[in-house]
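Working notes, structure below.
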Amino acid sequence: MDERLKRGLETVAKVNEEGSERIAKAVADLAPDFHRIIMSFAYGDINSRPGLDLKSREIATIAALTAMGNAAPQLEAHIVGGLNVGLTRDEIVEVIMQMAVYAGIPAALNGLMVARKAFAAHTPAAKKPQRG
Amino acid sequence: MDERLKRGLETVAKVNEEGSERIAKAVADLAPDFHRIIMSFAYGDINSRPGLDLKSREIATIAALTAMGNAAPQLEAHIVGGLNVGLTRDEIVEVIMQMAVYAGIPAALNGLMVARKAFAAHTPAAKKPQRG
Amino acid sequence: MDERLKRGLETVAKVNEEGSERIAKAVADLAPDFHRIIMSFAYGDINSRPGLDLKSREIATIAALTAMGNAAPQLEAHIVGGLNVGLTRDEIVEVIMQMAVYAGIPAALNGLMVARKAFAAHTPAAKKPQRG
Amino acid sequence: MDERLKRGLETVAKVNEEGSERIAKAVADLAPDFHRIIMSFAYGDINSRPGLDLKSREIATIAALTAMGNAAPQLEAHIVGGLNVGLTRDEIVEVIMQMAVYAGIPAALNGLMVARKAFAAHTPAAKKPQRG
Amino acid sequence: MDERLKRGLETVAKVNEEGSERIAKAVADLAPDFHRIIMSFAYGDINSRPGLDLKSREIATIAALTAMGNAAPQLEAHIVGGLNVGLTRDEIVEVIMQMAVYAGIPAALNGLMVARKAFAAHTPAAKKPQRG
Amino acid sequence: MDERLKRGLETVAKVNEEGSERIAKAVADLAPDFHRIIMSFAYGDINSRPGLDLKSREIATIAALTAMGNAAPQLEAHIVGGLNVGLTRDEIVEVIMQMAVYAGIPAALNGLMVARKAFAAHTPAAKKPQRG
C-alpha cells in the first residue's frame, strides 16, 4: 500500500470508516480499483492536508452536497462524518438551513430530511466497540 | 427599520458591507425592495443565528458557491467576506480545492480563479478608513 | 405573530396549506424556527407581492423545479399548489413538457412522473371540508 | 419547408425573431442544420401548442433559466421575448426575484443583472420598422 | 407517420426500444403527444444523424447523465442502450468513473449504482425473442 | 516524481499539454500542489486507464462539460483535447448538439460557442514545433 492510500485510509477512519467500507463493498465487483482511487484522492491528497481541520472540511462538504441537491447518499455519509469529527447536530442543522439562502429553500428542506436519517442511524463514536 | 433588517445589516457589516452596498445600488432601480428583503432573510434570519460562528458560515457559503459553479460574483463577495471574518487565504484555498472531490475539478479550478480576483481586490479590514 | 409571517401564512393558505403544514411537522424537532423563517420569506416577502398573480407564480415555480430536477417533493407540492390557485392539469403538463426545450428531455419526463403523483393525490379545494 | 418548421418560425417571430436570427447566424458554419432543428422542436413542436399562452410560456422559461443560472444569453433573449409577448418589466422582475426562494439568492441577483441588460437593449415591438 | 418520426423510431429501436415503449406508456394519458415529439427530436433529428456512431453517442449520453446526477431513470435506460449498441460493461464503467474527475466523486458513485441496476436488468439483444 | 504523476503527465501530453501547463501557471502561487494533485488523479488514475481509448474519453468529457454548462474554460480545453486525440470538428459538434436532447438547447448553444473559440485557437498537433 502506497503512502498516499495509507494516509487516505487513516483520514477516512476519523471521518466515516463505515461509509468508506460500504462504498468499497458496493463497487467491489463493478469497479474494483475505484475505492482505492477515490480514497487516495479524496482523503489521501485532499482531506488530509494540514491547512484546514476536519470539522471545517465537513462543514464545507455538507454545505456543498446540500446545495447541489443530487447526492443524498453522500450527504448522509458526510453528516455522519461531521458528527464523528465533533460537529454537533445543531451546527449541522445550521449549515443545512443556511443553504436556503444560497441554493434555495428546497435544497435546504431536502438536506434536513437527509440529516434526520443520518442522525437516527448515527452511533456516537464513543459507543463503538473497540477495534483490537 | 424593523428588528430583523437591523440585525441583518449589522451582520452583513461584519461580513462584506461593501458587497451589500454594491448589491443595493445594482438593484435599486429594477427591484427597489429586493436588497431589504434579501438582507433581512440572508443575514437577519439566517446568518445572524447564534448556532454557528461567521467563520464557519463563510466556509459553508464558499464551498457551496464553488460547487454550484454558476455564481461567480457572489463567490467573490463571500471570499472577501471570509477574509473579513478571519479566514486566511490558505484556508479559503483549501475549501475551494476540496470541492474538486465533491463537485469536480473544473468547479475547483474556476473557484480558484475567482479567489485570485477576490484576494487582489481585498483591502484588509484593519486598513480601512474609520467610519465616523 | 408579526405582519410578515401573518401575510405569509395567509398566502400559503391559498396555495398549499397542507404542504406547508407537512413541512412544519417534518422540521419541527430538527429546526424549530425554520418553518416560520421560510414561510415569512417565501410567502410573506415574495409570493404575496402584488406585482404577479398566484397562477403566474406557480407556473414559474413549477417550471424552475422541473428544470432543476433535484427537488421532487417541492415540485409535487407546487403542482398541487398550481391546481389550488386555478391552473388546469393540462396547463401544468404544458409547463413541464416545455422544460424539455430548456433543461432537457429527462427533466421533463421526470417532472411528468411527479405530476402524475400530484394529480392522483390532489383533492380539489372545493371538496375539502370546511375549517371552523 | 415543412409544416412544423413553418409553425416554429411563425411562433418565434412573435417571441424574439431577432434572437432566432442571431442564433441562425452564430451556428451557420459550425452546425448548419441546428437552427432549423431547434426552431422546429422548441417552437414548432412545443411553444406553439395551444394549451398555454405565450405570456405564460415566457414566464416559465424566464423562471427556469434564472434558476438554472448557466444560460445568460438565452435568459436575456427570453426576457426580450417576454416583453415582446406582453409581459411588463415589473412582471419579469417579479419572476426573477421569486427564484431567490427556489434556487437561491445568487440566481435571482444574477438574473436581475441579465434583465437590466435585456431591458436596456429592448426596442418595443411597436417602434420597430415595418417589414415590407 | 412522417419521415422524421419513422427515422426516430427506427433509431431508438437500435438503442433501447423497451425504454422507449415504457416512456410511451408512462406519458400516454398525461401528455399523449409527448412520446412522438421527443422521439422525433431526440432520435429523428439528432441521434440518427450520420456524423457520429451510436456507440459514441451513448458514451456521450451516459457521461452527461452521470455528471448531471438528476436523471437516474434515463441514465439507466441509456446504460442499457449502450450495451445494446455494443459498449461493454467495462467501457460503461470507465465512462462513469471518469465523471468523478469532471463532476465529482458522488456523481460517479451514484452512476455506478445505476449501472449495477441496469446491468442486472439487461437481457442481451441476442437472447431476445424475435419479433414477427 | 512518482509513477502515478509520471503516467498522468504522459497522458495529458497526448490530450492537451498546453492546457495543463496553463493550469499549472494559473494556480502556481495560490495552490502550488494542486496541479500535481489533479494531474495525478485525472490523468494518472483515471484517463490513462486502458479500458477506454482517449477519443472515447474526450467524447465523454465534452458531453459532460457541455451538459453541466458551468465550466467553459475546461470545455474549451477538452475540445482542443478532442481534436488532439483525433476527433474531427464535425464529431465534436455532433456531441455538443446531442446535449440539446439531454441538457436542453441553451447548453448545446453555449457549447457550440465554446467550440467556435476552441476551433479558432487550435493549432493542429502535426504543425506544432518539435520539443527536443
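Letters A, B, C, D, E and F name the chains as they come in the text, with residue numbers starting at 1 for each one.
One rule holds in what follows: a residue touches a chain if its C-beta (ideal position, glycine included) is under 8 Å from a C-beta of that chain, and two chains touch if they have at least 3 such contacts.
Keep in mind that this is a model prediction, so the values were computed, not measured.
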| item | value |
| --- | --- |
| Steps needed, at fewest, to go from chain A to chain C via touching chains | 1 |
| Superposition rotation for chain B onto chain E, Cα-based, multiple of 5° | 180 |
| Interface residue identity across copies chain A, chain D - same or different by half | same |
| Inter-chain centre distance, chain B versus chain F - centres from mean C-alpha coordinates, in Å | 31 |
| Chain E and chain F, separation of their C-alpha mean positions in angstrom | 24 |
| Separation of chain C from chain F, taking each centre as the mean of its C-alpha atoms, in whole Å | 41 |
| Chain D and chain E: spacing of chain centres that average the CA atoms, whole Å | 29 |
| Set of chain C residues in contact with two or more other chains | 37, 41-42, 46, 65, 67-71, 74, 93, 97, 99-107 |
| Graph class of chain-chain contacts, one of line, ring, star, complete, other | complete |
| Partner chain B, residues of chain D touching it in the complex | 68-70, 89, 93, 96-97, 100, 104-110, 112-113, 115-116, 119 |
| Residues of chain C defined as touching chain B within the complex | 37, 40-41, 45-46 |
| Contacting residues of chain E [partner chain F, same complex] | 41-42, 46-47, 49, 51-52, 56-57, 59-68, 71, 74, 90-91, 93-95, 97-103 |
| Chain C - residues contacting chain F, complex | 67, 99-107 |
| Parts of chain E lying in touch with chain C, wherever the complex brings them together | 23, 26-27, 30-31, 34, 37-38, 41-42, 65, 68-71, 73-74 |
